[in-house]
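Below, chain A partners chain B and then partners chain C, in two separate complexes.
And then the complex of A and B:
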């Protein structure tokens, strides 16, 4: 199958190789949570809810007394994919993604400011169309900022791939399942530091660099968008408060 | 908007948007200019060696926000005031909390802080009102004072060295709250005032605006500084017989719903505003259960926009 049209240079969904899908972020969608967000990248749609900092529920999980405990749970809704299938809670894929999201967010949260407490992040995929990992991280960042949890920087994530000898930004499901390399990058946007880098195929060194560059650019674009959403929300809250 | 998933019809949506836009234009320009998000650089003059407060860090010599909120400057101190965040206690705050656990010599209370607060048996007034050492018998009878899930009003006493929060309830005005409703609102909507206990005589209702965003609306109780143990017992048996009158119960619901509407719209909760909203619902014949409907939300937003516009106009008139 051709993923990039050799004549026009467009991808299967009509995007250019370095074009991202449409972004949409909304804050405050779960009323009972301390912070929550909905994040969409094209047809991928993820909801995140943050509870905490709150009292530690299971003391045996506490590792460091002087820092907050961060927990994360990733789950795919049964209706999120094309075939409706019951997904067991602790399967290997979701355990791995939970871990990845937790580690990425922990790198940015200032845990030492909230000792003896825990922060729970719940992310659920409502609609899966490739790049759920990135969308989850972006949603979690929005939700954490909404919950008023101090963070070093905004973490954003974006994926990029390499198909038909073209680097492609923000792969959708068709491109993702084509079997080419899929590089997921997470960065601290302002400090310009990488907190997450995953790749599940081989890539030559020089190609990898261009693909990673592309993904980093995508991350920065997402960071700009997320900050806009947060600033707009903050201004609105302040104005209404009076 | 948060918490607000109302079935608005076309006119109501337009009216609500207009009212919210009006509020936005009325707000001082400085407020929205000072808004920052995570990782925004806060402009400071490095020559007058500033102090970095809450919500800021130092990154490569720049002052950077770690929270979303509004930048506040007090002399040399620069800090970020958060909007949506958990409660940050200060000594002397009046709070309302819920008992979640009874531990040896102490109760643990949920107060919307990052940890549970501790209320020691020794920092409580005993029901017999006598000052004495707490004995083992007192400890066994702790459940007769507060049980799990009781709503309690107390004062922040201070932090322990390990960061845990201690409360005290050394006066008759503190203690168990009965016969009423507990509301939870975001703590940034409650401002610290001189007065947090309010007795609304016209309704026979007590309203407590806890600094932690827990609000109590309940039947008025007469505070008796000197109560003997026997009297208390008599009162208890009498209490079982006297129910809260229907009229008072309606007032409680009306005031509680007024507070709910205001917090969903994100307006600062003051006692005056809550009473005004409740009165407005009464005068426009809105039923108690209709107060949470779309029409009353829009009405409240419009009234508030008008009130703030009047306030601003009067200020300007005064300046002239």
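And then the complex of A and C:
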């Protein structure tokens, strides 16, 4: 299948190779949660809710007394994908993604400021069209910021791939399942450091570098957008207070 | 009860100070692997790998199954990791924990998505019968860096595995015969390349890095990255799940170091295989 049109250079959904999908972020979508956010990357739609810092519910999970315990649960809704098969809770894929999201968020949360407490992050995929783990990390960042949890930087994530000898930014489901390489990068936006890096399939080293750079550029663009959303939200809060 | 081991303040400081002067507690240089030993079992498809004190056993088994609908002419390969409670006081019997799942998925991605094992040659009758390979990785002793040791165990076990030959015949051309290994020589798998996992541990602000961290180094590290590369300078998989941030230039430097290390390990596996 042609993933990049050889004549026009456009992708299956009409994007250019280095073009991202439409982003949309909304803060405060779950009323009972301390912080929540909805994040969309094209047709991928993710909702995140943050509870905490609150008292540790299960003492045996407490690992380090001087730091907050961060927990994360990633779930894909049954109706999020093309087939409506019921997915077992806690399968290997979602356990791994939960772990990845947790460790990525932990890297930016100032956990030492909140000892004896726990922070729960719940992310749910409502619509899956590729790049769910990136969307989840972006949603979690927004939700954590909404909850007012101290962070040293905002983490944003974006994926990139390599199909038809072209590096492609922000893969959708069709491109993702084409079997080509898929590089997911998560950066600490201000410090410009890579905290999350996942890749699969085979890629020569020089090509990997260009694909990773492209994904990093994507992360930076998302960071700019997330800052705008947060700033807009803060302005509205200010208006409400009068 | 959480039995996880925590380093004392003294131990932590000792290890960290050693890094600052370019030393490691066990006397290795920052980019040296521990001693690698590979022992093959009496049967095909089993291998035991010792990386320093870390010990992992790999075992490959095969079964004829119906293929997935999307890929009717490809066999399947699945990796299962089990952390035996004997290996570490923190491991509990029962369902695999997060770490075991992560290990399995990282090795799975390195092997399967890079198409290291030729799965099409495992097809017997398209859409009906294909071989399904199962790699079981048992951690017997945890002295750190389980991923690299388990990856080598998986590769060594897959390299020695042989499946019985089958032929399709009979009146309707659908009759499947599996030949006894004593009658017909079993067939080895086709392995295109050996993806080698190399794990880096980061300390400080990501300024200090070492390969092949020991258990104690893992307990105090700020972040970890596993890169899987092969001897054709292809990157097969990368796993860096959060932790201390790295400059992109450091990532590329790690990849180059990993390539050198992978070449050494590939050689070692090949030598061991030729010795049988």
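Going forward, the second predicted complex is superposed on the first by the 242 of 242 C-alpha atoms of A that agree within 3 Å, B and C clash if a C-alpha of one lies under 4 Å from a C-alpha of the other, contacts with A are read in each partner's own complex, and residues count from 1 in each chain.
One rule holds for everything that comes next: a residue touches a chain if its C-beta (ideal position, glycine included) is under 8 Å from a C-beta of that chain, and two chains touch if they have at least 3 such contacts.
Here the structure is a predicted model, which is why all the values come from computation and not from measurement.
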Which of chain B and chain C A:95 touches, first, second, both or neither: second
Touched partner set for A:191, first chain B, second chain C, both or neither: both
Partner chain(s) touched by A:235 [first = chain B, second = chain C, both, neither]: first
Contacts of A:54 with chain B and chain C, given as first, second, both or neither: first
Touching partner for A:154 - first (chain B), second (chain C), both, neither: first
Which of chain B and chain C A:22 touches, first, second, both or neither: neither
Partner chain in contact with A:105 - chain B first, chain C second, else both or neither: second
First, second, both or neither for A:204, with chain B first and chain C second: second
Which superposed partner A:8 touches (first chain B, second chain C, both, neither): neither
Set of chain A residues, in rising order, touched by both chain B and chain C: 191
Contacting residues of chain B [partner chain A, same complex]: 1-3, 20, 23-24, 26-27, 31-32, 35-40, 55, 57, 59, 64, 66-70, 82-86, 114-116, 162-164, 188-189, 265-268, 304, 308
In the complex with chain B, residue positions of chain A that touch it: 27-28, 31, 34-35, 52-55, 68, 110, 114-117, 145-154, 189-191, 227, 230-231, 233-242
Chain C-touching residues of chain A, taken from the complex the two chains share: 60-61, 63, 92-93, 95-96, 98-100, 102-107, 183, 186-188, 191-205, 208-209, 212-213, 216
Residue numbers on chain C that touch chain A, as the complex places them: 1-2, 4, 98, 101-102, 104-105, 109, 113-115, 206, 223, 225, 229-230, 233-248, 251-252, 255-256, 259
